[in-house]
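Encoded as structure tokens, here's the structure I'll be asking about.
Naming follows writing order (A, B, C and D), and every chain is counted from residue 1.
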Amino acid sequence: MFILCICVFTPQQIQFGDQKQEFNKHPRTGHPSLSQSFSQSSTDSCSSVCDDSSEVEVSPRDTPQRTSKGLSDFCIRNIKHADYGRREIEMAEQEMPALMVLREKAGREKPLAGAKVVGCTHITAWTAVLIETLSKLGAKCRWTACNMFSTQNNVAAALAEGGIAVFAWRRQSEDEFWWCIDRCVGAETWQPNMILDDGGRLTHWISKKYPSLFENIRGIVEESVTGVHRLYQLSKAGRLYAPAMNVNDSVTKQKFDDLYCSKESIVDGLKRTTDVLFGGKQVVVCGYGEVGKGCCAALKALGAVVYVTEVDPICALQACMDGFRVMTLGEVVRQVDIVITCTGNKNVVRREHLDRLKNGCIVCNMGHSNMEIDLVSLRTAELTWKRVRPQVDHVIWPNGKRLILTCVILMRSSFCSTVPSLVLSITATTQALALIELYNAPEGRYKQDVYLLPKNMDEFVAGLHLLMFDAHLTELTDDQAKYLGISKHGPFKPHYYR
Amino acid sequence: MFILCICVFTPQQIQFGDQKQEFNKHPRTGHPSLSQSFSQSSTDSCSSVCDDSSEVEVSPRDTPQRTSKGLSDFCIRNIKHADYGRREIEMAEQEMPALMVLREKAGREKPLAGAKVVGCTHITAWTAVLIETLSKLGAKCRWTACNMFSTQNNVAAALAEGGIAVFAWRRQSEDEFWWCIDRCVGAETWQPNMILDDGGRLTHWISKKYPSLFENIRGIVEESVTGVHRLYQLSKAGRLYAPAMNVNDSVTKQKFDDLYCSKESIVDGLKRTTDVLFGGKQVVVCGYGEVGKGCCAALKALGAVVYVTEVDPICALQACMDGFRVMTLGEVVRQVDIVITCTGNKNVVRREHLDRLKNGCIVCNMGHSNMEIDLVSLRTAELTWKRVRPQVDHVIWPNGKRLILTCVILMRSSFCSTVPSLVLSITATTQALALIELYNAPEGRYKQDVYLLPKNMDEFVAGLHLLMFDAHLTELTDDQAKYLGISKHGPFKPHYYR
Amino acid sequence: MFILCICVFTPQQIQFGDQKQEFNKHPRTGHPSLSQSFSQSSTDSCSSVCDDSSEVEVSPRDTPQRTSKGLSDFCIRNIKHADYGRREIEMAEQEMPALMVLREKAGREKPLAGAKVVGCTHITAWTAVLIETLSKLGAKCRWTACNMFSTQNNVAAALAEGGIAVFAWRRQSEDEFWWCIDRCVGAETWQPNMILDDGGRLTHWISKKYPSLFENIRGIVEESVTGVHRLYQLSKAGRLYAPAMNVNDSVTKQKFDDLYCSKESIVDGLKRTTDVLFGGKQVVVCGYGEVGKGCCAALKALGAVVYVTEVDPICALQACMDGFRVMTLGEVVRQVDIVITCTGNKNVVRREHLDRLKNGCIVCNMGHSNMEIDLVSLRTAELTWKRVRPQVDHVIWPNGKRLILTCVILMRSSFCSTVPSLVLSITATTQALALIELYNAPEGRYKQDVYLLPKNMDEFVAGLHLLMFDAHLTELTDDQAKYLGISKHGPFKPHYYR
Amino acid sequence: MFILCICVFTPQQIQFGDQKQEFNKHPRTGHPSLSQSFSQSSTDSCSSVCDDSSEVEVSPRDTPQRTSKGLSDFCIRNIKHADYGRREIEMAEQEMPALMVLREKAGREKPLAGAKVVGCTHITAWTAVLIETLSKLGAKCRWTACNMFSTQNNVAAALAEGGIAVFAWRRQSEDEFWWCIDRCVGAETWQPNMILDDGGRLTHWISKKYPSLFENIRGIVEESVTGVHRLYQLSKAGRLYAPAMNVNDSVTKQKFDDLYCSKESIVDGLKRTTDVLFGGKQVVVCGYGEVGKGCCAALKALGAVVYVTEVDPICALQACMDGFRVMTLGEVVRQVDIVITCTGNKNVVRREHLDRLKNGCIVCNMGHSNMEIDLVSLRTAELTWKRVRPQVDHVIWPNGKRLILTCVILMRSSFCSTVPSLVLSITATTQALALIELYNAPEGRYKQDVYLLPKNMDEFVAGLHLLMFDAHLTELTDDQAKYLGISKHGPFKPHYYR
């Protein structure tokens, strides 16, 4: 089961991440990828909460195992825990009806028959439902983890027991991490023709070490902001050797990742980490993009007094119309009880602000980047840091003033937050359809470039999820479709709709 | 002063409109333009409410007048009422601080010096503020009305008294309407070099009758959906002879026209026409685009139980997440108290639905099109129509069942609804900036095509309106701007932002 | 049909009212009764809007008329307009299903058989439904108006035509007003045994002029704050000669009059009078009682930034928890766009505040009293008053600053506001049940004192109105009723529940 | 630090509780008191979460300890952990500014000088702030726990180290529980003159074992529903031998306990236990009292579709007006995703409903009673129960259908829920003021009866908490106070205000 784990990065970690992950630098997305940024010290504090069990530190590399059917082409922590993992997958299946319907609808025609998918994602109950859906639709899959710390060992065991060649366990060393990727790709008996990536490392590894594989690759499906950015760079440089689908920016997924997910998460995240009561609290939300809009709506509904800071007049005007006073951080910094950043920018909250905040103020990063708050500036001699919970640091001023720092990393498939399962379901369904589209596309439809999911498939993803809400679509009459100049079955939106 | 006037079109009027205004046929925008659709019978009923005074029906054409300074190049109802009009303009100025700031900021450099603007818009206190702003920025203006019924006579008098050559009065005949346009354009002593149009009729007239004028025209600014559609058609056909700016689709304006304006208007419009109490009422809103979102939010806030119908799964999914049950109209038609349409589609509510609605149900069109409700189907012998108020018809079934039909035409610059002045201010400011941009653009920046307002001017419009809310923007640091890869002063949004 | 008429009292009127209506002085309810406070000048400005038609000013007293059946025991404007009035009553019946169900349920047993009710209320389509319901339940009725200006003449005609002895017309002189009351009461052929009063004038007249009638009076039902206050005074003084039912404070009615009615009315009232857009507006609401809560909720939902002033820490704490900053008026007076008073107190907004308000600020009284804003202080030489609409005054400072004064009198059955029909329905149903209860109560249940409606009848009123919402109550099981220690059919609330 | 622990009672536990705690039977409050109802099995599952540390099970009774100053009149787990406890108390102090202000304001005059308070409450950081406040105001205190499982051992250590005679540790046996109470009361060297009780056990013990102490007892302050009920019974029976203050029903406390606390808690509680996403979920809330209102508001704000069941038409009508469809449980049982009970009634959700709920439905008790859901009916052979988390049970039908049972016990000072600290602060402040009032009341003001806190002290509690919101009260002018007929400094509310 996923539980919330919100981490405060130490400045050292941030710099470490920055140095290592050169290609992560990108406006609005400049966060180091998760596996890099969670260095030992921060994850240690998580481990007691996040971990399934305290495991003996013998590397699975050195302990060959076999499934009950005698298979051994996998490498995980403990195959005996497959039953526990299977129960978790079954529970996740209930929360992903869209994929289950897809299995049913497309299970007979097997649109992925012949596909050999090599995948690199978080390995959790939710991604397991995706992987097994791909299998049910005809694909053969080999899988590895995109993150050294996020694998659910029991789930990996269940996948292996079910016949998937999976190479992943929680708390890998960096060496083990790349070893797994290599084992996953480099099987002599098997050549992938599809790539499903989350973060770009698998794609990177193949281009570096097995470039010849690209001859057979029909398509890459990439999900992370970072990975997508990397693909666009490759494409620009003329070094992208297969069509790629950017599922991160598909409309259905975007709508839910940002607005709805932040609306559901902000209150939950802060309550779990700080037990704060929101009624009457004064809160400043930095940034009124989709994440900011979601945060503000949720906070206002619970009775907080919300201020907004913005650099962009169009967003600022929307904040005004939605009932939020638009102020600069400097103007409200002395009176607020909570500061939330979701700008995509860096150093939005700086030492000059932090010095003036009230005693007891909560400072929370809701953005994708971990640089929104200038934490480095707080690493000075006169300030004391105390880790009061795994997820929360107190910073104490000489006069006793205490700030509460927390950082809700709001990313789908983040390994330590309760991303609502609907978001995970939408992402996974989009990934599955992107694979189907790329694999089945007629020659020439896709070049060696980066594409968005076609609008009608995007709408199909949305449609599958309506089942969860018992929602009933209206069908256009022939007459109406003609009047609107569109097909009865969509796409209903122009290509530029967002 | 603007007051609400909501009209129910009789089927005859609709067909009349359709026949006359061929070019109005357009998905999502298929409404006849206002001046056409308000035929005699419906406007008569409005007149007692909308009109300033009951005037003697002698055409101003036949009654030459002079301003106090002896000018006579205008044609309006009564120059003596200029004082009343001036007071209304002064009040409107208070509600349009953005234009007033623009006057101040740009008044010295006179960016429209040398511009000769011929304009065709509604003539109201609000447009008067725009016209006089153009003058203050250096332009010479001649003006005519885009609608036979919407002119505020006192305001026209004040404009004339102030030296604007204005040709307009309330309740023109069609003949008078075109006569005014012709007088406005066809002055022998004067050749326009800019066009500001609302509905495309002025542009149409010039292309037909004075095509040679286009040699001097530096640009057309068009504001209506209909007019913009026409421009795109001309462009496609290679018959657009000047650069044109589509201000209808500028981002700032769009955000306010649809979402915020409908949110503010739906409750107001229905309360004024039907005095309905919303708490506990069951309402179905057809369409969950921006207008639908605004309606649903306002109704939910007042305690209505809201259902949504949608054809598009992406919008449907948003409705679900926002807390509205998505049903077909057929499923809820027997239980709802109010039906609201805002689909942009036609015949969304049909006789089959109307027959099953409850006694006392209110059926309201909030869409841009007046065809969303199939009113023709209600013109059968067994049904009785009663005009119970200027704005409301009752349709009575043989068994005594009574439906209440009303139609909130939610268009900016509609001549008979209380479009919030903020929306009018945003529109007018956008028009002014579009004129400035086109007039001052270096040779070659704009071809004979249709353009959107550049993003930075769009943001400038938004910024001017922040003044109304005492909102304070945050300025990017150099470092942040560099990190984001944008200029400190915007544009902040990518071109595709909506 | 009721339309909104919001009046600004001139200080003269207020003082006039104060002098005349001595007994109106009462904490939280100190407003002069309606008929007194609307002196000539203010109602003149209303008349063009409120009036059915401009009638010749010949007093109905001098023009005897007969119904189609030859009856002549009534005095109204014009019996020939009965048909119009009947249609309005029929429409009101649709909005008062509770009374219609009561007619059906109790029509056979005629619980008011033998009752002779003399009534003094507003005479509108809604009260007509009440009066005719009393008739259908067996009562004989004579009726007069409680207000000189609020009678709907057509409705009075329909009542007369239907056989009710009604004495009322719009725009009576004070002399005519009391003449009508006298004619209503003083019939030689008829002695009332029940009184239904609204404002206490009828009760007052009877005690002064026909005290002997009280021998037969089984009960008084009084609805207004003022009248109820008067009854308590009489009771205290030992001069109340019949049992009286205070329907003003029955729980069902109170819940709707204050919270829900203000929530529905504030936005409507201000939009109709000032066309203001609420999104982003800064509003201060003085007083966070039920009316204030309703106003704040509605304004917040539309995107206003709301501040609250309070004297009472318990209410202030609720405002905080609901997300409103609690400030003093002095602290926010310079920044707000709208000031709304609903304190029940006097001189809440004083000259010192009014002097500091922004240009264009709207100042609106939503309270029951018209003394919340110190209007007298604005009657100084340097300030100019302009009546810009019937319902709105501008007050202009020497420097051009302009305040917009308006006054939403939020009272049930106020003759010039769109009190939602549900509120009228609840009030009327409560009145009917109070009459039934008093008329049928066994000897000794009620003494010569003031009572509240018994809780089970209060719940019955609520239950009748659930029909309008298609709401389905759950019935307690025997076991549950026993567990809770109450009857299966209520009352469900303790007597002190509010 | 308090963390959430939500427990599903097995039917056995319920019956156990019922048998033991005879006096708990009371309409709307029939839950067994906490210490009784948490029998071994349910608390075991909590222990890993709730417990500070895994302790060796040697009874503190057998291990005498001394504070650093040599004091030994206490009995707790481990005096060495006092430092940890002190830090927790210091953090709690920050969240209880009202008590801190009270210390400051009343610290000099020491209104409790001479008071000897014996207390029996949960022993947590929050109650520690209360206890130490009493000390600072002059009282001598002896304390014991009202619950066998809720004591925070570190806090108890800090209290002891600070000189309070405290007798409490987490996970006492029943024998130890009463031993502590006895040690607390029965000191030979010390006679209490005030009682602060939570649950009535201390009062019970004194009346049974040390009745003579009542000669000196000036007052009892009782906080729990159960304890208050018991006091009323004693009073009725003439066996209450000291004045008692019912702080449970003071207005300030009530407002926050029910409405605001449930609004803040329902979403938090369900997210923590089930990670459910609320957008678009269909939820039925049984009961529309204050707790139901809070739940419905919070759920609606997050985008849930909420239905309400009610037995009481007045509450039902409010639900309608607030925008919730009022249905019977039977009507919606097949379609809802979540069932929440907060009726105060028993067996509201019965086997007949549970059988028809959808697969995956969450059933959650938010009421004070744990009998709202008929759990006994689910203990049949064909159903499988699985404890999937400490706080959550799955019940699985033969066809695989799975219900998720959870039970948010929403009680202030419940030992295992994150009751917002504001609620705890209000309760503690009310308790302190009640003690001060009873201790200082002039002879004769209070008889041997149960009283509510005087309105002005209630308002004082509210006022102290305004500090947390930087809220500024308005002060009445002399003139206004006179007009309203009240004192400038309150009480502002009539005695019957709720």
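In this section, contacts are C-beta pairs under 8 Å (C-beta built on N, C-alpha and C of every residue); 3 or more make two chains touch, one makes a residue touch a chain.
All of these numbers come straight from a predicted model, not from anything done at the bench.
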Ranking A-C and A-D by C-beta pairs in contact puts on top A-D
Chain centres computed over CA atoms; the one at greatest distance from subunit A is chain C
Between the Cα centroids of subunit A and subunit C the separation in whole angstrom comes to 58
Expressed in whole Å, how far the mean CA point of subunit A lies from that of subunit D is 39
The positions of subunit D in contact with two or more other chains are 260, 279-280, 282, 302-303, 320-321, 325, 469-471
Among line, ring, star, complete and other, the chain touch graph is complete
Subunit A contacts subunit C in the complex at 279-280, 282, 300, 302-305, 320-325
Within their complex, subunit B touches subunit C through residues 1-2, 94-95, 260, 263-264, 267-268, 271-272, 275-280, 282, 297-298, 301-303, 335, 359-360, 389, 402, 418, 420-423, 468-471
Within their complex, subunit A touches subunit B through residues 27-28, 30, 251-252, 255-256, 260, 309-321, 325-329, 331, 344-348, 458-460, 462-463, 465-466, 469-477, 479-480, 483-486, 490, 492-493, 496-498
